[in-house]
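The following blocks contain the structures, represented as structure tokens.
Note that chain A is present in both complexes that follow, paired respectively with chain B and with chain C.
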Partner chain A sequence: MTKITFITSDNESITVEGHSGSVMQLAVQHGIKGIDGDCGGVCSCATCHVHVAEDYFEKTGQAGDIEKDMLEFEDNVSEFSRLSCQLEINDSLDGLVLTVAK
Partner chain B sequence: MKKSAHADPFEKARLDKGFGEMNDQDDPVVMLLRHKDVRKCAHNWKTFQSGAAPGRIVIPSEVPIRDTRQIPFELDPPLHGEYRALMEAWFKRPIEKNYQEKLADQINASIDQALEMGSLELIKEFSLPLQSRALTLLLNTPYSESDTWISWGTHVFRSEDDPLDSSKANILYDYIDEQIEKASQNPGEDLYSVLLASEAQGRKLSKEEVKGVMILTFAGGRDTVINAITNTIAYFADHPQSLARLREEPEIIGKAVEEFIRYFSPLTHMGRVATEDTQVCEHAVKSDSRISLCWASANRDASVFENPNEIILDRKINPHVGFGFSHHKCLGATHAREILKILIATLAEKVQSIEIEDYQENIEHWGEFQRKVGYDSIRVKFQGR
Partner chain C sequence: MSESQTINQVCIIIGASHAGVNCAFALRKEGWEGQILVYDADPQLPYHRPPLSKGYLVSNEGFERNLLMPPEAYDRQRIILKLGTRVKSINRTIKSITLEDHSIQKYDKLILATGARPFIPAIPGIDQANNLFPMRTAQDALDIRNTFERIKTKRVLVIGGGYIGLETAASLRKLGAEVTLLERENRLLARVTAPEMSEYFRQLHTEKGVQIFTNKNVTAIQSKGEYNKVICDDQSIFKADMIVIGVGIRVNKALAEEAGLTVENGIKVDASARTSDQDIFAIGDCTYHFNPHYNCFLRLESVQNAVDQAKVAAAAISGKNPVYNTIPWFWSDQYDVKLQMVGLSNGYNQTIIRKEEGEGNRFSVWYFKDHTLLAVDAINNPKAYVLGTKFIKNQQKIDKSKLVDSSVAFKPQNLLVLQG
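Up next, the complex of A and B:
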């Protein structure tokens, strides 16, 4: 199991566990506030925007080209922004900390 | 080409110059055709506004037939955000289990009836009633209201011979005025009552503002939803193996819905009004003239979508703009997505095959472009499993 912590806009810290699927799906399953995942994970709605904690950014890696295009017009984008529908859960992400974008 | 296919009329212009031009009631429109430009200009509300004269960002323009401002659609930030925030939670209700169960009951009944009838005219006898009944859930009004909406026919604004039929529009506006009056005298738990009790700009919403929201809700989700339902069923008629695949792999239904929205793009384009002299694709756009964001063209842009003219049911990366993009992206999208998801799951469960017996395509004319958006009529025969 991979543990992932979400920090929501009201500064609540929630740690959940998953073993497969996308981080967005995991967040939606656990009702993480601010992660809607409207499009179901095909990179079209940008309602699953998160900031990856700097220490983990090497593990998640940079956004892909299409994902970067989606993020280009999002508010509050940082250099550690990702769309969580494009993050596949695997062991290497264990302990990952994500701040849900406003 | 298969009967259910929708060609892309914009490809050449999109590649050659990136825009098209059309006239509309002497208020011309520069149509943006590339994915990147469409997204960029949709986001840039300062230069390309929605808050112009009511009806002007709609193409064909509704300025001659409408004075009521549609809300939040015809507002710009920051005011837009204040009104939109009032409605977000309400329009997210379709993700609730209870809502989905009611919607599934309606769709089940519609499909059972279609199977019983065998052969039917899909738009009038299936898609329009289904869309209208589902709307009672979104508005939280009695189911019986849908009979009235069904009786209006397929187009709220458009009659067969006149694209802007004001007498038809007035039927809707008068109906909404009446409902607002009723809700104001006797508040209930419907959308009218919820809006009447809401506050923006430090005061209660006016009846005119509530009317603006309701017109948008009725008009925005009518032809679009009807076309999405009809086109999806026509596609399954031509591709029985796709229906079989979705029966075997229900987990890809969500992706298939996004792909249908991309491919069919139920709303071809939406206008904006330039607030300053500017340019798009090296083409001058004068202040107070119109551009349009052509979602249908952007959704076939080969620089973003591989094999854009093919329906790939489980397309993994699909940044389509079928529900629009940025601040004004479709408020009814959650409702529309749920309708399509449940429709597909129920068809897969109950229907063996669908046959198109006869059809008349609905072709839109936008200047140099002719685009199939759906059907004027289509007779199909359902075969149960």
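Up next, the complex of A and C:
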């Protein structure tokens, strides 16, 4: 099981566990506010935007090309922005902390 | 409405797909405490439809990844799914619905998320055709996949050159089918895009080995035992071992009509997704609603519309006064090409095509009515899509001469007409 913590815009911190699928799916399943995943995870909607806590950015890695283009003009984009549908859950992400983008 | 007021109430949702399921969860987020019952004739746990014609058809990943929500999520939110159950009628006087087994369930609030069904044209012989399928449900996709694996010769005929037809053609091609696609109009995607986009997709599919024929109106289908003979009005004949039909949809509006709700091109709703009955809402593909940005009534077939209206209805039921005001968006994946669309191009009088320099075929079509940007279609070009969305939302003026010039970098400040 991989533990992932989401910090929402209300500053609520919610830790959930998952073992497969994408981080977006996990968030949607647990009703994390601000993560909608409207396109089902095909990098087409940017409704799953999160900021990765700096210490973990090495583990998640950089955004892919399409993802980068989707993010570039997003409001509130940061150097640690990712689309959470592009993050696959695996053991190495255990303890990951994500702030849901506004 | 406070939570304590809703605790003894029942909200019934008819249709457990993108609109209905999202609305059920949104109701909980809004604080609805009462019962939520979601009915669907489809026995499958609710799933994403877009992948059916795309990834699902070609992947072996199984259905689980395709579910809108895992089963536990419904339990956690106390959302009761009544799957494989068709709702037969609505009685507005006593506020109840009747199921096929004649049982009755009362509601305080009712949400119609009945969506649409595939349109099957009355072509002579269509009922006797072999291996003919629409593409709307998980079962359809499964049938197509299983049949494809079973048939010895794999000549597939797709009738209809819209997104669903094209995506299905691409997926079956990936599986190794011999695919022919017939379109009645003189170009693909005629109803929804500019001729340049139609031409792009014609070339793409032709390069990938799909045989595309336009101006083909199918007039008869003859079943020949193992295969079908498909005959067009110009007397051309195509042989097909399997036929996929993708010629549009019909809205599921009978329940609403029989209940005496106002129905036009779909179930008519106001800005809060409310029908002509105070306690009945309608959301998703089945609605005919007003779009403030484009100042017109319309019906949309998209996940965006289903999800956004679901949230609006949930907020309205929870006593808020939401206004449905969004810019429509849509996507389509074919082969390794990503198409993203934003806005409504209806009524455009000019298109500007911007081709990006560098590798890959990346371009975008910008639809204008005079100086107003109406819509953008972006091919492998998310930046164009994202910027287009912003420009449309903010009603910004664009310098067309810069837009068309791909040496001008894609940045808002480069493309906007400076307001002095």
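Going forward, the second predicted complex is superposed on the first by the 102 of 102 C-alpha atoms of A that agree within 3 Å, B and C clash if a C-alpha of one lies under 4 Å from a C-alpha of the other, contacts with A are read in each partner's own complex, and residues count from 1 in each chain.
As a working rule, a residue touches a chain if its C-beta (ideal position, glycine included) is under 8 Å from a C-beta of that chain, and two chains touch if they have at least 3 such contacts.
Being a predicted model, the structure only gives us computed values, none of them experimental.
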So, on chain A, is it clash or fit between chain B and chain C? clash
Looking at A:78, would you say it contacts chain B, chain C, both, or neither? Reply first, second, both or neither. neither
Contacts of A:13 with chain B and chain C, given as first, second, both or neither: neither
Have a look at where A:21 lands relative to chain B and chain C in the superposition and call it first, second, both or neither. second
Dominant toucher of chain A (residue count), chain B or chain C: C
Which holds for A:38: it touches chain B only (first), chain C only (second), both, or neither? both
Counting only touches as set out at the top, which of chain B and chain C does A:69 meet: first, second, both, neither? both
Based on the superposition described at the top, state which of 152-160, 170-178 or 224-232 belonging to chain B clashes with chain C. 224-232
Take the contacts of chain A with chain B and those with chain C, and give the residues found in both. 36, 38-40, 42-45, 66, 69-70, 73
Given the complex with chain C, which residues does chain A contribute to the contact? 21, 28-31, 33, 36, 38-40, 42-46, 66, 69-70, 72-74
With touch defined as at the start, can you tell me which chain B residues reach chain A in the complex? 36, 39-40, 43, 92, 254-255, 257-258, 304, 315-321, 323, 325-326, 329, 333-334, 337
Given the complex, residues on chain C that touch chain A span 25, 28-29, 48, 50-51, 65, 69-70, 72-73, 77, 303-304, 307, 329, 331, 333, 338, 340, 381-383, 385-387, 390, 412
Can you list the residues on chain A that touch chain B in the complex? 36, 38-45, 64, 66, 69-70, 73
